[in-house]
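As written, the chains take the letters A, B, C and D, and residue 1 is the first residue of each chain.
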């Protein structure tokens, strides 16, 4: 027994009604025989039935029915099983769904946002920042793609963010010293620091670095510092409580790690310009940005507008021969990672003592936001990250 | 029926089988359309089978080329495009002859030189002229058959192409399927000169009118045309007067013609007339007829099964072939 | 090859066609008055005598017809080089170009390529009035399946054709009427060019001028004027409107932070609108100023000289647009 | 490229990184890194400076040979010698 259903008579046909039956219940019908006349929005059309057999319970005349609705039954019949399951009379007037299209994966229509070379500040935010004399470049963005939006500027204005540095061009050492003094004093006053340290094996990292550098031209040669900075950024991804800003009693984690690199100026003084989106950049790009940043800052060529606000700082005093360093956090950040000198030390390796290059990594963190337990876990993650240098 | 010099039994069966394949293919399309498995527009060939079959029988598929229209199932089947890939194309499957991208109005088959349907009335005419220009230089003796309906003679491109073809003596056969209606407009309401053959004479192109309901007469006319063309005497024009039994397309109430007119023409059904003639002249036994019909139905069921088992082309292939990396018809003939 | 090193844009086009005809017997030129008359802009002068009527074919005035015919010939093994006298007449052939040439490869499921090249003159500036002064290359750049080349230099006019004929896809080459008389030295070291990348024609740090075709000489002139004010303008020659080389444009904007797009089409729905939209989508944070566009005024190009000049993009217009987004150097 | 040219090239590369250095103050036989504040990044930038000025790539393993101005100059001279400077 098979159903004779309302046929789809045109691309845009949704409903139809039988205005005339050309057969009577009990008649024998043959494939392709015209059995009814159906009225559609384009007019009356003869409708064939593709079933052989005896036709019964004919649908009433002049009743609007959706495509696929049962119009009659033909028993003793074969024929093409229709796509629309019967009965459909109750189907809502909405157009019957054709065979469900395969789940269409969202094809990203928009190209990826171009990797920008500077802070992302929306045009509107930039104009508002100019009005309020707020340095938009130094703000951390809450907008899409981490962009600084008007709300960020206005919140920073409310929070009394520091006005942009007075001097254009290079740095005035005296002013510089005062700024550092103020920041360090404020940090000690407000931030309950806790300090942790861990010694990290560097054999794998240094071997990988040596082999990598051999295959590269000198202009693309990597330094251990860039491995350490990238490792910090990657490790921080799972420790949002160490990467962000603490302002007016509330802490806002940053979606990405802008790592401030502490650089001592040749004329004395210290600045910590940020490398942006460190986790997203490869070592070659990071090395080039770091080399450029260090060269220009130590030679005094860095402009104040370039010091975007880092969300965490790394200080690397290895060069100066110090074994470990417990730094002071730069407000409003909540953590500082320090690295001492990479040097060979005795190391017990399954019962035997061997010489192994190691580095002492330290974490100074703000106890209002994180606890030692989490700090220790971070250092452990930092260690794991450094053991797979090829993944950096 | 003309008294052909010698109509051998096998050839008559061939003509009849081909027309039957087309008729039943179209009927199954209606069924699948009403079951919403075929969508979009669907233009069926019922009644005009003699034209496509007559032309194909007189030409050499694979060597010669065809450019068809959007009412092209009959032309494709007669030219040898497999029923499987055609049905799969109608169901929008990647196994279709165009990977499901063309549908009923845009069927292509490179290996058989079936240069597609075309949904723009007259859109295929200049293509056919161009193909024949290339053949004149690269494949001497090849003929390009260009199908179009009488509606196309209203298009400027028809006149431009007819002139170019005769001007440059191109080896193209123009086959006008004059089924008396361009969609809903009868010929007399759209053309001053309704004797379409006379339009060719305006371009000094040899032309003839033939009974488009009789495959033997069509084949006979096309043989003469092919001889003319292959002999290097330029294009040839055939107006086949025929009639479509079904609506223009799936959604046409046919208000423009009467049932009686349709029934009148149905008495000239090329399939029934050829069957009756063969039976009367002992060229077709009931058993042979039954076996041919069974074979056609089997081929059709297999084609539908093939199509229904087909798969949709993955969406990540969407942009493939927008531009081509090579002239594929030459690098992979 | 003792080819003259200095030549006009027109001669470069002719030499390119001559090379093409020698290189491939399947190539033939067809179009209105390309034979006896020598081409409406004299690009094909002398080629009928050199190659004969089989390969330099004068056509009747039937753009849709002979364009469709050229497509068919390309489908079946020839390499037609079609000249549609000017883009104004190509409107009659738009059906064949869009519905057949651009569509068949994809619609046939990849069974056919359409190795066709169509050359058209384009643009205004010769007082030919509205029906002969359109600049429609931007429209064609809207159509997937086509490639659109807009040679703005003699070098590109000389070498783009060979690349187009080698390309399996339909390539439309738009030659601006004003450029035909431009003259330049050819670098003998350059024997081929690509159909993909834009090119930096002038380096600068303060603003990026993005243009093509007859916009190029105007932008270079504008850059010279601006240099007098201490404003260094960078000039990017698109060379291709499809595919559009956005990475080169964005790379420049990332340095200059400011961009002016110069396009002889009308602003609404033009190629300059497309470039501006893509910059806003992909490089918003690189911009320090709004995107500016210098296009033809939205009028049918008038005949009278002063009106036509007012309608088309001008050097002063470009300079003014730059000044509106680059702070004065005091 | 005689020794004077090499010497001035070396000093120029160093001044690039440490502008405050004056050639007169440098004595050529004392370790350079005792006389000039060069951290590992500065030193890499100096090496890149040698690369740009002398067109030579100095592998990390040779760093140990580059202690004083004299040893650096000698090292660079040998690296340039095969080119018949």
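Throughout what follows, a contact is a pair of C-beta atoms (placed from the backbone, for glycine too) under 8 Å apart; a residue touches a chain by one contact, two chains touch by 3 or more.
Bear in mind the structure is a predicted one, so any value in this text is a computation, not a measurement.
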| item | value |
| --- | --- |
| Chain separated most widely from subunit B, comparing mean CA positions | D |
| Top-ranked pair of chains - ranking by C-beta pairs in contact | B-C |
| Chain centre separation (subunit A, subunit B; CA means) in Å | 56 |
| CA centroid of subunit B to CA centroid of subunit D, Å | 84 |
| Separation of mean Cα positions, subunit C and subunit B [Å, integer] | 41 |
| Rounded Å distance, subunit A centre to subunit D centre (Cα mean) | 44 |
| Per-residue multi-chain contacts in subunit B, two or more chains | none |
| Residues of subunit D touching at least two other chains | none |
| Subunit A residues counted as touching two or more neighbouring chains | none |
| Pairwise touch network: line, ring, star, complete, or other | other |
| Inter-chain touch pairs (all) | A-B, A-C, A-D, B-C |
| Interface residues, subunit A side, partner subunit C - complex | 110-114, 116-118, 120-123, 145, 147 |
| Subunit C residues within the subunit B interface of the complex | 57, 59-60, 62, 64-78, 80, 95-96, 99-100, 104-113, 115, 144-145, 147, 168-169 |
| Complex contact set, residues of subunit B against subunit C | 65, 67, 96-102, 106, 108-110, 115-116, 118-120, 123, 125-135, 137-138, 156-157, 160-161, 163-164, 167-168, 320-330 |
| Contacting residues of subunit A [partner subunit B, same complex] | 7-13, 31-32, 40, 42-45, 47-48, 50, 67-68, 79-84, 96, 98-99, 101-102, 104-105, 107 |
| In the complex, subunit B residues that touch subunit A | 27, 30-37, 39-41, 247, 249-253, 255, 304, 312, 315-316, 318 |
